[in-house]
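Below are two complexes that have chain A in common, paired first with chain B and then with chain C.
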Partner chain A sequence: MLDDIILGQYVPGDSFLHRLDPRTKMILSALLAVLVFVVHTWTGYALYFAFTAALAAVGRIPPRYLARGMRPMVFFGVITFLFQLVFVREGRAVLDLWILTVTDRGVVEGFFMCFRLLLVVLVVLLFTLTTSAVELAEAVDRLLRPLRRVGVNSYDVGLVLSGAIRFVPTLLEQADKVKKAQMARGVVFEQGNLIERGRKVTAILVPLLLNVVRRADELGMAMEARCYQGGVGRTSRMQLRTGARDWVAAAVSVAWGVMLVWAGL
Partner chain B sequence: MPISVRGLIHTYDPDTPFARQVLFGVDLEVGDGEIVGIAGPSRSGKSTLAQYLGGLLRPRQPGMVVIDGIDTGAPDADIAAVRTRVGMVFQFPEDQLFERTVELDVGYAPRLMKMNPADVEARVREALETVGMPFEEFRGRPVHALSGGQKRRVAVAGVLAKGCRTLVLDEPTAGLDPLGREEMLELVASLHRQGLTIVMISNQLEELARMVERLVVLAEGRVAADGPVRRVVSDAALLASTGLRPPGTVAAMQAFAAAGLPVRTDCLTVDEVCDEVARAAGGVRRA
Partner chain C sequence: MPGAVPFDARRPPASRVTRIALGTALTAVSAQLAVPLPMTEVPFTLQVFAMLACGLILGPAGGASSQAVYLALGAAGVPVFAGLASGMGVLLGPTGGYLLAAPLAAAAAGALAGRPGPTGYRRLLAAALAGLAVIYLGGVVGLCRYFGYGPGPAVAQGVLPFIGFDAVKASLAAAVALRVRGALRSR
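Right, the complex of A and B next:
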């Protein structure tokens, strides 16, 4: 289960997606994520999915790897689906269970919400899998730079954001190590009722939390030792360049989005 | 409780762009009551192999790991039984402590085994005394107020409390100061004297040479050597090819030999070095 979380991984490569300006990728990903909430027909979702699949192919992300990364989301997808079943009241009733009424509209909405969730995660994964931590930090810094006038330190925000995402794999590695150590002491995590399982999880969470706090403290100290002061007066080795391929990517994405909206899908 | 490993292979993150094979067909036998060292440079697959010996990873075909007659690769294997019999002490085991007091933490495994409180206490007492921490003195201490070396010994006690007869230790002395290191090595030696089977993993031949009878050298996921410790640590060609450094005593003897003194090079202690040099130099008596 822990192995399946691929957020924070970076698949090195030099595909079209990898070579896009990270700012372009970030803005287009955000637009795509918004678009998923505009789409409201089966055809629309099918087309949207086809588009993300095409993106994955362009970025040379192995489909099986991506599918594995989506596995942990299935649980949330199912919960979302059930919520819509219970709470959507409009439409014709297809099932009547005491105080629960499931409507045809609810079933459809359930599927749509579930698709939306999965597709947004897919878009975010495609972005993080093809963008290195340095690029991500640089992109956030540059995009937020106008906010410096109102006191936002864009460099810090970029660093914190990329740090947060990039430390996910490290955290998972730590969690796996502690989990194995407790298994070696005889814990079987797959057994027991809910309360017993919860108690077993503390055997992972407490050591993990202690490690994380200590690690964060050490990292902060190391940064201070190297005179970190939030990028004031600092130049970057990485120069972001927007080129022809960025305009192509933007044109294709926007055209495709406009088409979806215009066709009323 | 014999352990038998045959043709073990392991790949991390299979089917991903990060796939990385670390074990390429490892064969290893560990008999009852043995003390075996596994040495190898970083990324040679030592820690991965250790997790198989502890039943924490389960082999895929065609690899096979049989622990005390249980084939851990079989889907219906009683893996919990394996983990009870083999104790695995990870690198920096103090990171796994989580209870408030020493007594509670060491008693975690016996409590999971649903032993009654009196038996749990007896187990905890025994385990703590074994690692040299008097039960009455340490039982109520908060775990996080202990020193690094003490925490590590509590962690070892927590594994021993399962009642295991085999102990697999992954770099047990990593990050300890010289004194803590000596105490840890003495603890491992005393566990072996008490009849436990020991598999100790380290990248320091220096400490393995003093501790173990048999040494296995792992290099690039394969067994590069497996034999009596004296023979393996004095095999200069082998060590050079694997990137390990011989113990200081062996290095000294090799220097004497290279200088033309007719000595054997497989000395493991300073005393042995002195005796051998005295003998070769012809009747020089040690003061």
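Right, the complex of A and C next:
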């Protein structure tokens, strides 16, 4: 779990997609994800799927990485499908179980919704698999800069983003420490009813939170001692550049989206 | 010296930013940890606990920020959602409403809990339950929007099965926040 959160799903590479400016990728994948909800015919989805498959080929992403990224979504897919089965009442009944009637329309709608979910996940995966965490944080920081006018400090947001990832191992390490300390005092976590277990969880959570809040405060103090001022006048090691390939990618994606919408698919 | 920056006394201390980052990390980890329960197979993740605790401990603005960044991390593709899922698909999907309500829920819980420092348990519990209500409201709206059904079936599917466990998580958040807030004040 630790590695999954910290490393993300980045597949190192040097393809056209890898070399795009992360900002371009982020905006385009968000637009394409919204496009999935505009498209509403099977033909449209088939064309869309072909497009994402082509993108995956351009990014030279091995299909097994796509499959692995899709795995956590299986649960959502099943829920979506079952909801359609239970709640779509139109159409011819194909199965009648007491109060539950499954109609042919429900089955079709279920597959339709599942396919839609699959497409949204796929298009965002293409972004995630070709963008490292550092690029991601930098892109968020740069994209949020206009928000400074309304009082949101994009440097602070970028810091919270990378800081949160940094704190994940600290949290797990401290949780393990506190749990062992309580076990040394004789607490048995695998016993008791719901209320007793709740008490035991509290016995971990309170010291854990106090420990990690102290860590956070120390980090903040160390940053201030080094003159952290919310990034004013700070320079970045990573320079993002938008080049010809970004404009090509944007033009192709937008043209594709406009065509799908215009054709009414 | 070019690039020298004058000191800005109005800036909040940097520890405020790092505490918010901590809240985000806590939410991400809580969504993955499942506490095993004796009589049921339903995984008891602590995500709702983390959402509410962030509001109660960090205050309305801090709690809302930590949850908003959590959503941004997940939407951008870092696998922080339950089951190590990530991406816009989760937020736009059937259960996205619960997640999108998190910043509001943390803000509501934080606002009702009042200023930092010692507070009575009942007030914290009421604040946590109000936050839980906001999460449910978002969840129901999300289910209705995604499937196009009325609020009736959405409540039956998306609220009633979970309300018991979630109330336990809310009371846990209040109990933990009570002691953490007290200790932070005295330091």
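Just so it is clear, the second predicted complex is superposed on the first by the 167 of 265 C-alpha atoms of A that agree within 3 Å, B and C clash if a C-alpha of one lies under 4 Å from a C-alpha of the other, contacts with A are read in each partner's own complex, and residues count from 1 in each chain.
We take it that a residue touches a chain if its C-beta (ideal position, glycine included) is under 8 Å from a C-beta of that chain, and two chains touch if they have at least 3 such contacts.
What you are looking at is a predicted structure, and each value in this text was computed from that prediction instead of being measured.
By the touch criterion defined above, A:L265 reaches neither chain B nor chain C. Of the two partner chains, chain C is the only one touched by A:P72; chain B is not. In the superposed pair of complexes, A:V187 makes contact with chain B only, with no contact to chain C. Of the two partner chains, neither chain B nor chain C is touched by A:L143. Contacts of A:M221 after superposition on the shared chain: chain C is touched, whereas chain B is not. With both complexes superposed, C is the one of chain B and chain C in contact with more chain A residues.
Of the two partner chains placed around the shared chain by superposition, chain B and chain C are both touched by A:T202. When the two complexes are overlaid on their common chain A, residue A:V108 makes contact with neither chain B nor chain C. According to the touch criterion, the shared surface of chain A, contacted by chain B in one complex and chain C in the other, consists of residues 9, 202, 206, 210.
Residues 3-5, 7-8, 11, 13-22, 24-26, 28-29, 32, 35, 37-38, 53, 57, 65-66, 69-70, 72-73, 76-81, 83-90, 92-95, 147, 149, 153, 157, 168, 171-172, 175-176, 179-180, 183-184 of chain C are the ones that touch chain A when the two sit in their complex.
Of all residues in chain A, those touching chain C in their complex are 1, 4-5, 8-9, 26, 29-30, 33, 37, 72-73, 75-76, 79-80, 83-84, 87, 117, 120-121, 124-125, 127-128, 131, 133, 136, 140, 156-157, 159-161, 163-168, 170-172, 193-194, 197-198, 201-202, 205-206, 209-210, 212-213, 215-217, 219-221, 223-224, 227-230, 232-233. On chain A, the positions that touch chain B within their shared complex are 3, 6, 9, 11-12, 62, 64-65, 68, 177-178, 180-188, 202-203, 206-207, 210-211. Of all the residues in chain B, the ones that touch chain A in their complex are 13, 15-18, 51, 54, 56, 80, 83-84, 87-90, 93, 95-98, 108-109, 112-113, 144, 158-159, 162.
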